[in-house]
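Both of the next two complexes hold chain A, though its partner changes from chain B to chain C.
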Partner chain A sequence: MESGMKQMNRPVTIAYWLKSLWRYKVSYLFVLPSVVLFAVFMVVPLVRSFSYSLYDWDGITSPQFTGWGNFEQLLKDEYFWNALKNNIIFTVLTTVFTCLFGFLFAVAIDRRLKGWAVFKFTYFIPVMISMTVVGVLFGKILEPSFGILNSLFGKLGLESLQLAWLGDPDLALYTIIGVTVWQYSGFTMLLFLAAIEEISPEIHDAATLDGVSGFKRMTQIMLPIVKRVVFMVIMLQIIFSFKVFDIVWVMTLGGPGSASEVLGTFLYKTAFRSEQFGYASSISVVMTLIIFTISLIYLYFSNLGRHEKE
Partner chain B sequence: MKKIGMVLIYAFLWVWVILMLAPLLYMLLTSFKGDQEILNSPWTLPHKLDFGNYVGAWFGKGLTDITLGTNFLNSIVITVSTLVFLTLLSTLAGYALGRHQFPGSKFLYIAIIGLIAVPVHGLLVPIWNFMDQMAMLNNRLAISLIYTAFSLPFSIVIMRSYFESIPTAMEEAARIDGCKEIGVFWHIGLPMAKGAVSTVIIINVVNIWSELLFATVLLTKPEVRTLPLAISLFSQNMYSTSFGMLFAGLTMATLPLLVMYFFFQKRIVKGMAMGALK
Partner chain C sequence: MNKLNRHFAAVLVVLLVAMLFGCAPSSKEPKESDSTQNDSSSSTDASQGNEQVELILSTIPGPVAERLVNDVEAFMKENPNIKIKINEFPEAKYMDQGPRLFSSSEKPDLAWFWADADYKKIADAGVLEPLDDMYQSEGWDHVLPQSTIDRVRAKDGKVYAVNTEIVWGPVVYYNKAAFEKAGVDVPKTMDEWYQIGPKLKEVGYIPLVSGNADVGVLILSGLLANSFKPDDYVKLTNSEIKDPVNNYNHEHVVNAFDHVKKMGDELMQKGAAGVNDTDARALFTQGKAAMYSNGSWAASDALLGKELPKDFQLGYFYYPQIYNDIPPKVAVYAGNSLLVMKGTGKEQYAKKFLTFVMSKERQKVLAQNKQLFPSRIDLSQQDIEPMGPLYVDMYQKMNELGVMNFWHTEVNSELSTAARALVPAVMSGQKTPQQAAQELQSILEKSK
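For the complex of A and B:
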């Protein structure tokens, strides 16, 4: 640092500047490959996504500048609002249910209810499976005429439950939400469990002495202690659910009609089915801004943000 | 009252166990059945342990454009090479950022945190266009590099905080012995980071193995497709779908990670929690 101060008096030429950076050559060499990948595959595409959104472009003829045209069109596009609405329903319901179930499971496991090791092991299994596999598998299970769920209901005499799970426009989105909750409650469980297990046994002993038990202990003692983690997990689930594509794509392609269309599938179709790349980019921009904002809130409250504030 | 509550909770917990296992068991059992048997007796055990569906799906017997064996190997190649790039690059950058201050290091770190917040879906159109212009569509190495870039920001953050937290004594000793900086990294830094490397692999492997959106757009030729992509196309093809072979494919896509989970349950659970709650 001191030598740096002394050298300030020297004329600052580019050659001198480069020479002083040369001292750090190994560090720069180490970060270089990552920086190159970021530039090529993230920063430049991000900038280009913003600039494409100002053009009309079919991918073949040369792009026509339209200014805010795409965004104006987007605001009037009922399919966009429908996809956004579905995205919000998907996000709210999957977040609520995965967090609710996950927290309940985590408390049950932490309190060592009989079978806790079985719960802990099995609940996490679907997290390790790809969403595509889960989507295709449930697509077949929920098939209305020969899928095993409806044939099970038939055997049990519950014909009224033999629904067109993915074929009914009023039901398809909720079926997909149900499958997502099935898959990811084990993930939130794991995160809550990691936090709850940090609670010291003294606190539980005190609670036991005071006669606080069961439901009350869960809501009034454990929940406040792990409040920060609960907040983080909720944010994480919101970010994750907002980016949904795979499961909707393999289960319904956004259908029937556009009943289960989400922003991800809408973006894909606009770009690669109707070849409106400029318009698709304006959808990208809206998605990016929404998710980026939520993610920054998450990062601000996470340890990463805290570390930088110090 | 309290007793009824407990009974309900236990009932829910065990029903959830069944809900977790039943669909997977159904998948596994169905993968051994012929198409006729699947329709006629969906509930029974397969009448014999017949790997015909697996062989058929692997070689794409009677299927157009689908050879799950090729797709499986593509997935393995892409996943493994992505993890190798990811491990190497995140360790290098994490080491530089965690061990040394250099002009721009703080800015770089903040920029990397910003990149974590970028949703990669928004990059789909420009990346597709760029790959098209560079004639790198259907290129497995290119898609590995893209996956590496997407997984890097968070992985670097993990590696950096790891290198910040461990003492530098070993490296100092090596430097005094005249070891060059790159040698110090290779012989001491990298081997020391084994635990953090496994965390990086754990939090990324499922995403990379399962990625669908970019694969759909960037891999259009049958011979370069990944397994999830091939399965999604297979299931959407209404006319030539063989149920048994499709289920064999689903099982093939599930087994590698599930086997990993059976063997490394403790590490995986810890790694995932550490990664997410960092």
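For the complex of A and C:
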């Protein structure tokens, strides 16, 4: 014990470090590619982005140092707050509905409802299609005058439903949310299904013997068991939804006006159309901080981290 | 282990701080010895004209690329030692990222680009080869309008681009059969234009379609060109001129936005604010819309020329008069240009291609192929007749009415970017005309 305590109290010198490095050299070697890739594609761009945010730069002429000027401007920019508001709406609704539908689909497949084999494949097909392709496809379907959807409503005598799905500022964002939910419910379904299928059949048998209803089985047996996976999927969906860009860009360019503008499209326009790279970098820094904060808060309240240690 | 973690964290922080200070953005001016990835396929001793040289030319697809493909093929036939490879980029992406491409190590040898505010920045940054000697040696200073040459003059007084074709607009293309069916005529005033809308709807047509989601700013440009006398228009588009007209809260600007709203409400379909140009043109070519607003380039064989059925009776008119004392004008754009990148080592070959493209013979071929309208003003009526009666008529009418530059190509990128979003915003009711005008004014004041 004394020798152990002596070891713990040993000063951490560079020599000690290098010795430790040499002792575990093979382990470090295995980890090195991931660390290098992470550093090159994540850390370096992140740091550079933060650095750019302190400058006023159009990407061509010499940059001018402005310090926190870009961030001060951002706080006063109504377009930024509008994009942030739209982003929050997009994130909340997309996360809620993709997780909800994904879970329901997964339960339906697990419980072998009629046609489950077809559902399993069908619900996942949209996930395999590129988001850009989905955006272009739905742009045609939702065309206000002769798109498939409005034409169908016309044929069914539902003229009141022939709306300007992408041209009405009150509707455009929610239309994009609907398309995203359609596309990504299959992804969450797959994750939930993997977790649900791990539930022991004995639990289900016991529930059947006890005469538990389908709804209670889902909410009071299955959901608590796969709780950790649910929390993890929700967090992934939050992060994914907050970074949305391509589907919004393809479907509406953030329009009409700025009705469906999100931080991703706002950032792109600021950088490449208004040629304010420094200002755009400040937007990306703020986005990163927001996602980071949300993830930390979520991890804390979901107990995901604590569960790992236990 | 806690101490180890603290040491590790300390080293990490030091590294991050070092990266932060070492990662400040920088702009690099190209040196004469700078080489690009293209050099590997070219010989340094190409001055003899015997060695194989490969040039990279960047452009956008559509009529521009088709024209350049023809020019490149003809050029390579005459110059077998020079090979030109064309890289096409989607228009929106090229417009946004072209300046960065030209300043990077991936730059092409030649580029087709718009000579707008971005071009001036690129020229000022020293990434382009000056072409003053060519304007004199090739006589371009006599065959291009002075305003066109002044447009491509940078701050240092040199010219770094040459205008290869002109476009103008906005043009309203219309279906003559639809007009006949509805019993309406070409409108001469805005009020007349709004009046034909219900009549066209009655016979089953969408009166007017336009790519409001992506190119709606053309509508605003056209309305502004008809809202100001020439001198006042110049003041409006030049932020350096201090004049009461140079104020976007001017009633004529607010009125222009009013017309944007009215056009959306009375002439276009529900949700028109979200329609892009491709879908708008599809509605017109399929006979579902009676009128289609775009520019002169839409009449080329690359767009409407190949998309319309053979029996389609196509007509056109320019935006009608708004004010009794301000005759309508047509907005022209003479900024479509070819640029030569500096520092590639192949500037002389790139210039040789420029000479070829700008020759009278190739400009005549441009007209014969009905692609885009030639920029040289020394072509005869006979030379441009192959463009077809519609195009020739548009050109003559344009010259009769008089021209002004497109508003959105004259102002800074912030204003034109804002206008691109404001047109659909006003059309959809998200912003009032007054709010839109005020927003432009705020941007103008911030940029001064």
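The working rule: the second predicted complex is superposed on the first by the 249 of 310 C-alpha atoms of A that agree within 3 Å, B and C clash if a C-alpha of one lies under 4 Å from a C-alpha of the other, contacts with A are read in each partner's own complex, and residues count from 1 in each chain.
Note that in this section a contact is a pair of C-beta atoms (placed from the backbone, for glycine too) under 8 Å apart; a residue touches a chain by one contact, two chains touch by 3 or more.
From a predicted model like this one, the values you see are computed outputs, not experimental measurements.
Asks: Which partner chains sit in contact with A:Arg48 here, chain B, chain C, both or neither? Use first/second/both/neither.
Replies: both
Asks: On the A-aligned overlay, A:Gly139 touches which partner chain: chain B = first, chain C = second, or both, or neither?
Replies: Once the two structures are laid over each other on A, A:Gly139 reaches both partners.
Asks: For A:Ala117, using the defined touch cut-off, is the partner it touches chain B, chain C, both, or neither? Pick first, second, both or neither.
Replies: A:Ala117: touches no partner chain.
Asks: So, A:Ala206: does it touch chain B (first), chain C (second), both, or neither?
Replies: neither
Asks: Which partner does A:Asp168 reach: the first (chain B), the second (chain C), both, or neither?
Replies: So A:Asp168 only meets chain C here.
Asks: Output check: A:Ser258 vs chain B and chain C. Expected answer is one of first, second, both, neither. What do you get?
Replies: It touches chain C, and chain B stays clear.
Asks: Check whether A:Leu100 is in contact with chain B, with chain C, with both or with neither, and answer first, second, both or neither.
Replies: Touch status of A:Leu100: no partner.
Asks: With the two structures laid over each other on chain A, which partner does A:Leu75 touch: chain B (first), chain C (second), both, or neither?
Replies: In the superposition, A:Leu75 contacts neither chain B nor chain C.
Asks: What is the contact status of A:Lys269 with respect to chain B (first) and chain C (second): first, second, both, or neither?
Replies: Second partner only.
Asks: Using the superposition described at the top, determine whether chain B or chain C touches more residues of chain A.
Replies: On the superposition, B touches more of the residues of chain A.
Asks: Can you give me the overlap between the chain B contact set and the chain C contact set on chain A?
Replies: Correct list for chain A: 44, 48, 52, 59, 139-140, 146, 253, 268, 272, 277.
Asks: Which of the residues in chain B come into contact with chain A in the complex?
Replies: 2, 5-6, 9-10, 12-14, 16-17, 19-21, 23-24, 26-27, 39, 42-43, 89-90, 92-93, 95-97, 100, 102-103, 105, 108-113, 115-130, 145-146, 148-150, 152-153, 156-157, 161, 181-182, 185, 206, 209-210, 212-213, 216-217, 228-229, 231-232, 235-236, 243, 246-247, 250, 253-254, 257-258, 260-261, 265, 268-269, 272-274, 276-278
Asks: Spell out the part of chain A that touches chain B in their complex, as residue ranges.
Replies: 21, 24, 26-28, 30-31, 33-35, 37-38, 40-42, 44-46, 48-49, 52, 59, 101, 104-105, 108, 113-115, 118-133, 135-141, 146, 148, 151, 182, 185-187, 190-191, 193-195, 214-215, 229, 232-233, 236, 242-243, 245-246, 249-250, 253, 263-264, 267-268, 271-272, 277, 280-281, 284-285, 287-288, 291-292, 295-296, 298-299, 302-305, 307-308
Asks: Which stretch or stretches of chain C touch chain A in the complex?
Replies: 3-4, 7, 16, 19-21, 23-27, 96-97, 99-100, 103, 118, 121-122, 124-125, 206, 212-214, 269-276, 279, 283, 288, 413-414, 417, 420-422, 424-431
Asks: In the complex formed with chain C, which residues of chain A make contact?
Replies: 11-12, 17, 20, 43-44, 47-48, 50-52, 55, 57-63, 139-140, 143-146, 162-169, 172, 252-259, 268-269, 272-275, 277-278
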